[in-house]
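Following: one structure in structure tokens, then a few remarks.
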């Protein structure tokens, strides 16, 4: 399968393996197409997880990872792509409805926008919160002092 | 002065209820007695429910306040009375405040006609059963008022549910009651009665409790009533109005302290009230068991020992548990308390053996024992059944109990008519 | 048994009923109006009791106060109270209202002044305590059987109509 | 499988208009509500008692576990994972340890694997017991709660004896186990199994054929297998909808492939089937534990792992079948002693998404039943 995809897309797609687990790094521009193909033609009908990793030192700061599983093939694959800070991705809610909350969480934690998402807003943090906690430049003790002061009435903001 | 004593004394020789005799002094005494007895019953019920439920659920229940938690209800009452009485913002103050009183009023007023014995009732009305149903139906109003006045969604939904439930089950209940009333007319004159005392006397005259009358018609009617009465009092498995897992506490969510305890009081006295109706209508009221099989003065004598004996049995249980108490000094007060409680129970038991008391008290005893059986059923249901859903509840009320009630009513009427024609050609 | 049908009780209950009736039409909050109506109905039940008609009194409490008014409240509670509070209370047909009120008042005064001739005193014997309910039943299912059945039929039509209106498809 | 993977019968964007244009009643349930199993807040849109739609508001218990993971070493983060699904802490620990072991490329010894399976399956039973008790309580049966807690106590006693903690156990270490089993461990586990088998029958006696229970649960919260897959719902919920999929069989981890057990499934995907599936799962867990404890090998309990763990640069996703569904860990290593990124794929979080679909058109009382049957733990939803 991976070979076939590699043959079709060439340099835009790089298959890799670590600890006996397959994943592929895909160019941002190919993402909608690849996900669609994986879902419809390669039978990856179950989107296990969508998450992101932040690399502040890189130019393309974010890795987005889709963890997919196929019931008919009993096989897992990870799709990975890199995007710039502030860039957006097409939402995969039309492909896998489960992506709804997973993408919201990525948005909540990293500030990555998904185009076409039906209801993209914060999910775990309160709506007015400033900052995206899972970015590397967000300190572990850091809080949105202003939000805490206004909404919880705690003077110190902690 | 002498006149007053004469007035007070005059009732003692009459064989009527104080209300019927028109003796205001004894009416007041009876009202106080019934009120006090009811309050004690509610307190006892509170303790018993927690204890019995606990034992059904492999735990001990209250054990700390007093020996075996005997003082727990009193502690609870004090706690409730000392709590802050909260009036929610934007609630309708007047209605919010009057609702619990209306509920309590309705729940207690019905006891005016409950016959604890042939003369042990505050009064005997010729529309007794109608009065009970009517006044107890007024408590719905209190619930609706409480739910609406709280200005909050959970109480509102709770009130809607409970009023819909009570109004629908009243219909099935009424049909069951009517079929029992029909049975009272099977006498020489062919006249029935609505009076609570008259209904029991009809069972006495016919030598048959109505639950066994026209078997299985009486039983079915009793069954309909027994289901409807649980629904009517909003108890498990029909406790949707106060389902804590759905509506937190239903119509009394916003109530606290004293007013909440009024709802509590009303709920339990309503349970006792409907059980009293069931006992009066189908289980022979104050009549002792087996009046036909085991008849005669000797058996009367033997049965009159039951009240005292049961109290002595309870006292014996207390003493047995006193002996089983841990011997640690910390438990000394508890041990003494339990022994004292046993002594009080034993003393009551001995008093009940005095011949004069023995004969008078047994009506009340048998009536209370039957009601207590229903109270146990209430607790048992709660320990066993999951909760019905609202549509299922309504379906059962309208599509099962109502047609069943109508069928029983028609059959009872036809059988009664046939019997009367044959009996009195 | 000492009579309770004294003028004192009559005036007390009538007063309560009148106050209740006035509150029904003057209160802005429909729930308050409904509750005032219940007070009026309970007063009416008491007056039935004074007239030695306990069965009618009991039925009045069960059906009106305990049944119908609960359903009334049920509906009112679901309606948005805030909107009802803002609406103008008395509608503009006050001319018709005054005419109707005058006509009704005139009728009442006429009955009151000439009543002695229309209703001879103590024409019907006071029904004794014990068989009151039986008497009602005999009248209802004997003499007035036809009227009773007509009334039931009317109610049945009303029920069917309500079901048809509430349910889009049956 | 080529048809588009969208939800079958409902458009989740809009809900139908209330009858006669009556005002729709918005009811806020939670975050402090007895039946939301913690601090879940559900905003219900009602027409009378009928649910037109609902919205979950979560995050009240968010503690930033993933952020903490980035600032702790691999060993130090181990106890934190117990705090997510605190009723199945052992499963969380197993998932984390196995993921790091994959990253380090170590294999725990056989004895450790066996003990891990025993403790994890005991944990599955404990989790299902807690679910059963609270679920029955939500539906109004108050007695099963006390029965299940009485029996769960026996499991917690075994944990306490083994590792000193009852709830957040921190039972496993990366590479195997820290502690050898205590004397009499096997006997106690066997005793528990003998004690517990009749108890499952006891639970079933109370509920399985209870008329009210059946009426309250049958055809309530129905979800098809297709919708389950589309929404990523896993665990007993998926199996009750007829999809025979269990990670212990599909992609065996630990040494589950050595044990003989079955995957119970249902057909209707309703609350009653989910109840039956979980009851059957408890029986299967008993079976697994019996085999594991009978064949418990002797030997070392921990593999050779370095004192300071510095896995190679790379990333690993590994998941296990937790009592609630697929629990996955995605760990990115940059070669240092601390993980560069820890991502937890919580089953409760993903399963909770199905609540809206399952509750549409049902009554308020059913919402409670469905929240109960999804078996969510808010500690895991919010992390």
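Just so it is clear, A, B, C and D label the chains in written order, and each chain counts residues from 1 on its own.
We adopt the following convention: contacts are C-beta pairs under 8 Å (C-beta built on N, C-alpha and C of every residue); 3 or more make two chains touch, one makes a residue touch a chain.
Bear in mind the structure is a predicted one, so any value in this text is a computation, not a measurement.
**Q** If you average the Cα atoms per chain, which one ends up farthest from chain A?
**A** So the chain farthest away from chain A turns out to be C.
**Q** Counting C-beta pairs in contact, which chain pair ranks first?
**A** Greatest count of contact pairs is found between chains A-D.
**Q** Per the centroid of Cα atoms for each chain, what is the distance between chain A and chain C, given in Å?
**A** Here chain A and chain C have centroids separated by 70 Å.
**Q** How many angstrom between the C-alpha centroids of chain D and chain B?
**A** Once rounded, the distance between the two centres reads 46 Å.
**Q** Distance from the CA centroid of chain A to that of chain B, rounded to the nearest Å?
**A** From the centre of chain A to the centre of chain B is 64 Å.
**Q** Can you work out the whole-Å distance between the CA centroids of chain C and chain D?
**A** 61
**Q** Mark out which residues of chain B touch at least two other chains, giving numbers and ranges.
**A** Correct list: empty.
**Q** Using the touch definition from the top, which residues of chain C touch two or more other chains?
**A** If we look for residues of chain C contacting two or more partner chains, we find 78.
**Q** Help me check something: in the complex, which residues belonging to chain C touch chain B?
**A** Where chain C meets chain B, its residues are 1-2, 29, 31-32, 35, 38, 54-55, 57-59, 61-62, 65-67, 69-71, 73-74, 77-78, 129-134.
**Q** Report the residues of chain A in contact with chain D in the complex, numbered from low to high.
**A** 18-19, 21, 23, 39-41, 43, 45-49, 51, 53-54, 65, 67, 71-72, 74, 76, 78, 94-98, 100-102, 105, 109, 118, 122-126, 133-134, 136, 138, 140
**Q** In the complex, go through chain B and note every residue touching chain C.
**A** Per the touch definition, chain B meets chain C at residues 20, 22, 92, 95, 125-127, 130-131, 133-135, 137-138, 140-141, 144-145, 147-148, 156, 159-160, 163-164, 166-167, 170, 191-192, 194.
**Q** Can you list the residues on chain D that touch chain A in the complex?
**A** 1-2, 4-7, 12-13, 58-59, 62, 64, 66-68, 70-71, 102-103, 105, 229-233, 243, 245, 250-251, 314-317, 319, 326, 328, 330, 332, 340-341, 343, 345, 349-350, 352-353, 382-383
**Q** So in the complex, which bits of chain D are touching chain B?
**A** Of all residues in chain D, those touching chain B are 25, 27-28, 33-35, 49, 136-143, 145-147, 150, 206-207, 210, 212-213, 215-216, 363-366, 368.
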